Amino acid sequence: MDRVSFYDTDAMGVMHHASFLKKFEDARVAWLRDSGLDGYHFPKADMVLAVTEANCQFRSPCFFDQEISIFLQVKRTRLKLFIRYAMYDTDNKILATGSTTHVPMNGKLKLTKYPAEFESRLEKEAWTETWPLNL
Amino acid sequence: MDRVSFYDTDAMGVMHHASFLKKFEDARVAWLRDSGLDGYHFPKADMVLAVTEANCQFRSPCFFDQEISIFLQVKRTRLKLFIRYAMYDTDNKILATGSTTHVPMNGKLKLTKYPAEFESRLEKEAWTETWPLNL
Amino acid sequence: MDRVSFYDTDAMGVMHHASFLKKFEDARVAWLRDSGLDGYHFPKADMVLAVTEANCQFRSPCFFDQEISIFLQVKRTRLKLFIRYAMYDTDNKILATGSTTHVPMNGKLKLTKYPAEFESRLEKEAWTETWPLNL
Amino acid sequence: MDRVSFYDTDAMGVMHHASFLKKFEDARVAWLRDSGLDGYHFPKADMVLAVTEANCQFRSPCFFDQEISIFLQVKRTRLKLFIRYAMYDTDNKILATGSTTHVPMNGKLKLTKYPAEFESRLEKEAWTETWPLNL
């Protein structure tokens, strides 16, 4: 669970569209941590999930201090990591969907590999046919 | 011409991916102004181009203080405004491409119409078959 | 407890100095909520704590994904609300101190009053002579 | 001359207070560049002006797309660089004042020295008794 910060809002009184990518990033980092994968990622390791593509569909405006929850699913195809996101309010209403595509890079911005343990952990990730479930 | 601010960078030493959407927004606002359309837009008028979808392909990293230029093209289909962007460095190398989709909303976040003059001005916008030109 | 987001970092690999004011804001909003005062504040009421002054002393760099805790104290002098902050890491090491000064404004950016209940609640706030305690 | 971006605004319809520090930073970087000092600074050299303290007085709200100008003055005392800022609108009305304090650090976040040329250039900087001039 996260909240819309005041600094996330814009002059229309809603969360600015660029902040959705920030919320997706926080969710991605939380997933890494919860999955025990943050040890393979910067700053603990010399690897980051560089973003090569991002997109977001804004389905309903988000307001200051509103509680939001983000669910995500991860799929790897060789070096490419594809993550999809669904953001909900507390009534389970969909607020936004989106996705980011990543490749592993080292601190010198060169393409690197996923550690074996990172890859084997990814194989256990669920990837459902229907997504998001309640849209 | 714009530059990558220091606050746009992240711990990888490059412009953070969410900042690209901000740069696209600045380019969109500059286009409105240069086209004489800012008079029909908030805060001068009760209309904003609410973002319903956004996406970006990150093709080359952008570094602090680097000069960037953004070109855009606009196409209207009824209420939907589709804008595509291409970001270049000073050597005309492509840095990023992307697009945003918009609908006109008033200050109460209700769907509204484009003013007639806004629409007629949009008809003069170029929309080329090849895009971006030098990719 | 909060964490340094990746988007909070800059090219030096540390939390950007402007993000400290954002973390202070999140702490201020959390305090309003925990104190039962958020009902008197936008968006539930037509009042915001407009910032008239802000300052921050950066004592130690903060890194990506680092856990941080912010303590604050609040003192009212008529319309002026003075809030001081102390940010710590998990070892209780001080990371930053700072303060913000506020006045109550309505949605039209006009000076307004604190509701009586808001004021009486503020009287119960602690204001210690030593601050921050372990500096 | 700069403008308030839409993403700089918040739900009160004005530039968010943390964005003033970002505008100050842009002004500081522009000053480095205009003074021919950017060659001594990251990324061209292994030195940054790490911020040890920042403060801002918000004197008048700034609105979306408003033109702003920032004037600054710089004073060095050994390793400490003190910079003060004054932000104006196009009618020369003061919008904000503030200051930042800096020390030179290298990429490993260790205190370093100013290059001799950097220091000698700083000696030519004006520091007026009255500041800001028209407040």
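Labels for the chains are A, B, C and D, by order of writing; each one numbers its residues from 1.
Going forward, a contact is a pair of C-beta atoms (placed from the backbone, for glycine too) under 8 Å apart; a residue touches a chain by one contact, two chains touch by 3 or more.
Quick caveat: nothing in here was measured; it's all calculated off a predicted structure.
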Centroid-based (C-alpha) most distant chain relative to subunit B: C
Same or different residue numbers at the subunit B/subunit C copy interface, by half rule: same
CA centroid of subunit C to CA centroid of subunit D, Å: 23
Whole-Å separation of chain centres (CA-atom averages), subunit A against subunit D: 34
Of all residues in subunit D, the ones touching two or more other chains: 6-7, 11, 13-14, 18, 22, 25, 42-43, 64
Complex interface listing, subunit D residues touching subunit B: 5-7, 13, 22, 25-26, 29, 33, 38, 42-43, 63-65
Residues of subunit B defined as touching subunit A within the complex: 11-14, 17-19, 21-22, 25, 42-43, 48, 50-58, 61, 100, 105, 107, 109
Touch list for subunit D against partner subunit A, complex: 6-7, 9-11, 13-14, 16, 18, 64
